[in-house]
Amino acid sequence: MEEQIAALAAELAALKDATAGMNRTAAETFYWLTIPLMVLIHAGFLSYEMGASRAKNALASGIKNILAFAFIIPTFYYVGWFIYWAFPTGFTMSAGPAGISGLDYAIAAASPVGSAMGPNVADSATGVFFGAFAMFAATTASIMSGSLIERIQIVGFTILAIVLGSFVWILGAAWGWHADGWLVTTLGYHDFGAAGVVHAIAGFFTLGVLINLGARVGKFNPDGTANAISGHSMPSALVGLMLIIAGFWGFLMGCVIFPGEAWSWGQGIFATIYGTPVTLSAMTFNILMGFAGGAIAAWVMTHDPFWMMSGALGGIISVAAGLDLYWPPMAFVIAAIGGIIMPLVAGFVEKMKIDDAVGAVALHGVVGLWGVVAVGIFAAGYPALASEGAPTITLYGQVIGALVMAALGFVPGYVVSFVLKKLGMLRVPKESEIIGLDKVKVPISAYPEFLMPGTSSTSPAE
Amino acid sequence: MEEQIAALAAELAALKDATAGMNRTAAETFYWLTIPLMVLIHAGFLSYEMGASRAKNALASGIKNILAFAFIIPTFYYVGWFIYWAFPTGFTMSAGPAGISGLDYAIAAASPVGSAMGPNVADSATGVFFGAFAMFAATTASIMSGSLIERIQIVGFTILAIVLGSFVWILGAAWGWHADGWLVTTLGYHDFGAAGVVHAIAGFFTLGVLINLGARVGKFNPDGTANAISGHSMPSALVGLMLIIAGFWGFLMGCVIFPGEAWSWGQGIFATIYGTPVTLSAMTFNILMGFAGGAIAAWVMTHDPFWMMSGALGGIISVAAGLDLYWPPMAFVIAAIGGIIMPLVAGFVEKMKIDDAVGAVALHGVVGLWGVVAVGIFAAGYPALASEGAPTITLYGQVIGALVMAALGFVPGYVVSFVLKKLGMLRVPKESEIIGLDKVKVPISAYPEFLMPGTSSTSPAE
Amino acid sequence: MEEQIAALAAELAALKDATAGMNRTAAETFYWLTIPLMVLIHAGFLSYEMGASRAKNALASGIKNILAFAFIIPTFYYVGWFIYWAFPTGFTMSAGPAGISGLDYAIAAASPVGSAMGPNVADSATGVFFGAFAMFAATTASIMSGSLIERIQIVGFTILAIVLGSFVWILGAAWGWHADGWLVTTLGYHDFGAAGVVHAIAGFFTLGVLINLGARVGKFNPDGTANAISGHSMPSALVGLMLIIAGFWGFLMGCVIFPGEAWSWGQGIFATIYGTPVTLSAMTFNILMGFAGGAIAAWVMTHDPFWMMSGALGGIISVAAGLDLYWPPMAFVIAAIGGIIMPLVAGFVEKMKIDDAVGAVALHGVVGLWGVVAVGIFAAGYPALASEGAPTITLYGQVIGALVMAALGFVPGYVVSFVLKKLGMLRVPKESEIIGLDKVKVPISAYPEFLMPGTSSTSPAE
């Protein structure tokens, strides 16, 4: 009998090992899958921003997108990932209460010369986490990218993209999207789907840049009225926006913590990045309702398909921070409010003589803030962290958090673009802008065969 | 020794808990992933239907797609999901033999004010199931959408989309795509991949609408002959169709029941919605063969890339109902027959003076029926349900089921569009149609810079 | 107590069964998901190759892509899959040391009339494996396809696609991408992500075809200088390339062996196709770095967005063979070298009077070889197989392997295209080429409404 028990114990231990391996494999696969979905966001941004440009600037817009993505990878590898783990408690680099932050932790977890940041058969998680975060970083740069088209220099833009993607937003993520983040531990800041730390920061960074960059030639009339400068292919923009919606599911999937690992928050149920429970089911209800509410409201407001798709995105952003908590019909309403706010703010931005070519300040910046504040209005009282004695979500905490995110985006965006402007690296010469950036900067032509009377079309290839 | 046994038992119980959590997580993730794949179907439809429209109507076509998707979410939340669980046994709302249907069950499972339909840490499955079904619903509306382009009113279309997506097809699903569905329990109806309950219903609903809607101006000549009205961008249509093929894998993935849960059919192997076993491997063989057979047959028939991609879709629809059962070379043949039927039926529809702009009646309607009937021809004799004494698949049951699907689609499509016509809500005025819907209804222009002699092009932005 | 132990043992056995089922389900789902991601590769190729064609040939290019995909499915079902299992040890069809190759094994595993190649509730793995491999096969044909546009006959192309996709590359895979492959067992050839067996073979096959096919009319001047023949829609090409990047994650996901099954290499950690351990995390780091290094280098070299996106692809191809082994900053450098090589080789190919319309010989052929050789330079010394006494990776083995891949691609590409040329099946008549293939071969027009002065535009539909 003794032997039977020993045999059973051995068998049980082996099974425990096997299931631990299965869970590890499942977690690794889960985060891996977020990445191709988020690459779709970049295919979408490429289609969308080229379509939203005039034909004479289409390829220059595309180049920006490709470069932003490409430069963010190595800079995020060397800097961004380290910032995320070093700075949650502020600039002191001290460890936070959950013990997963501070200088020592960051060196162990995120040193680019350490064992975690490369092939390591004993660590199957760091790379896929890093990958998801790097894609978030690339997304912040793409959010900014569309607003600046048709007059920004390529190198100047690339510098701004790196600053935003590998330095700024990830500091915001350390503060408000990390269990040791000071906004979370002190104010109960709750931003499950990154409405503030990704969208609002990127949107307000963009606002700072736009002030220094100035409007496109011909955007504003001497009497102060604005002209619409339409993109050359709205179908391309619309399809691109729907690809972004598809990719958004990968983005939001990357916002959950898979259960059952040493680094997980508990077992058998997904958690937010704060350790509180969440189900993919709750997220599904609310993402779909967010899409619907935002798109329908934008339709009512504008009848414009470009704004309808932006409204669909804006609806999801409106509910992103509380996807884990909202009752679906409430999510519809919150998203519809976002869809109403968006075109109004876009009109106001234009009235302020700021030329935001695709409305990112309104869509990501202000609607992102709305998403953060909405949690304070509609979901106050929930615990903000998994730990005992954790602060609860409050309207006050969400408003302060929203202001921090807006400032954290705006200030570096303004300052860095101001410096670039002084260095002559921000804006292309006026003549280049009038001729079109593609003719000046790009060795090929977007559409060599199509006849476009307003642009000097090249003669078609034989 | 007593303690050793107790310790082992406790350890085993803990491991059982952990593995139960792992299975729950895997099931939830599985259905979640179907949704971004199905969003690709909508990106595809957007690209496809705008490309298949003339340039003057491209954005109006896109608006329809966005609105259909957006309006189906809340209406399916409030109505469609409830219908699925309440009506399997017919209109009496009684419970069926499997005990997962009827009024009481629907109130518990699908009440929009109940605990299942929102964030609920004790129910991680309902939301992702709902999401997959809502995407199926949105797909039915997109199937219809392309056929009606260039002359339907936006509000009228939206009403039709809601009726089809949140009322009609889901009733068909309750009857024939549910273990308690009366078509299944009494006739052994087998429609694994929804060839009948999605494609045929949507196709015949569309036929009903087309009869009342009428042909586009210029489609038919006074002598009764038809003109081809070509879309303005065939490349956009083709890429869109290939995106739909990618998304189709999400759709069909959403047709299987994940094993190992309380709501699953058994353990260790996927099941159809009827509880019979199926492997993703069988599906893979047959989907690929369906694609190939349909595309090759359509190429032989037409040499037209638009029909080839439609044939690829049609090939998959042809084999969808029996993906779980066919031998792959047989699937190729069944799909090829679908690819031959499709253009012939499309020609016949045109001869009947029905102007189906993208051939959805042929592709989804008639090929969908073929898919249902093919199971009766090539896979009769298999059990139609997991239960003991279950009816088997017969040609008779499949033919009756096909007729029910055709009628269930056609009648409401005809009746609702008839009422809309009487109310003046179905068709745009003739002048709007000739000028182009975008000029009349949409505040922006699809291609402001390209010169198109047949359409009065706007002057390009500076 | 006896009974308690028996009860525990029974419970444990049941749990073991359940977890075995869970693992089987996870493995099946894992490979299934690679397939829709790889369909995105085909949506991308469609967008890319049509965009890279002149408008007069756009649809003919698209037809090629659709047909290649469609014809490879059944031919790979009947032939390709069998080759993979029969020929790893060379042409003798003897069994290799791992016992998973040779005639008998191939008949059991891959006979198209056997029980593995269809619905089989006892085998949930074969179909999804087959599906992933069939998608690799279709990708090889798409790699070739773009280079041959605008002058190849459709039937001739389809024959070449079948030869490459269902015969040639899969023989290379048997030799170098299989644990019994003679290149692996004798030379320690390591090609984790198929840089050689997919990309180099396809690229050199293409080179063989291009020599017989000849340049497009107008490509080379009498004095030997070359003209650029630009595609009609670079935005469409760029978006297509980014979709290919998204799909590449599915491709590389299909290169790993899921753990925990009877056919797996060990438990709890993914393996390469050679059985050596790999993590998705390592792959993620290196794929992202490959993208970045290749895109940035190509930008520095060319400033051309088409080459930048090709460079992004080329960067991933450069690191593909060693994704499991590289330190990420090293991967960046290897990819950047690939991004530098690519345009130089493309220039050389043009200088040789070979008209490679999209640069596939440089991008896939030569950069693919670079990827293979790079493993020998940067990762020599690692074991090449999981077995004891396995050979290690050496520069010698990689160079020989690279030469084998180049020859294995080039020779059949040259020979089959030579035969097709003699039969008059390779190239369209000169007049058709000048008029444009769409006008001659395709019953519809790509852009019936847009005005293109160089191409005789049809009058727009009313």
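In this document, chain identifiers A, B and C correspond to the written order of the chains, with residue numbering beginning at 1 in each.
Assume contacts are C-beta pairs under 8 Å (C-beta built on N, C-alpha and C of every residue); 3 or more make two chains touch, one makes a residue touch a chain.
Predicted, not measured: the structure shown is a model, and the values here were computed from it.
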Exercise for review: Specify the angle of rotation obtained when superposing chain A on chain B by their C-alpha atoms, rounded to a multiple of 5 degrees.
Suggested key: 120
Study note, to complete from the structure: Given over half shared residue numbers means same and under half means different, the chain B/chain C interface is different
Check your understanding: In angstrom, rounded to a whole number, how far apart do the mean CA points of chain B and chain C lie?
Key -> 32
Study note, to complete from the structure: In chain C, the residues touching two or more other chains are 1, 5, 8, 12, 15, 19, 22, 26, 33, 37, 40, 233, 450-451
Practice item. Report the residues of chain B in contact with chain A in the complex, numbered from low to high. Key: 1, 4-5, 8, 11-12, 15, 17-22, 24-26, 28-29, 31-33, 35-37, 39-40, 42-43, 46-47, 50-51, 58-59, 62-63, 66-67, 69-71, 73-74, 77, 112, 117-121, 123-131, 134, 233, 236, 240, 441-451, 459-462
Point to revise | Interface residues, chain A side, partner chain B - complex | key: 1-2, 5, 8-9, 12, 15-16, 19, 22-23, 26, 30, 33, 37, 40, 54-55, 217-218, 227-230, 232-235, 238-239, 242-243, 245-247, 249-250, 253, 258-260, 267-270, 277-286, 288-289, 291-293, 295-296, 299, 302-306, 308-309, 312, 324-329, 332, 450-455
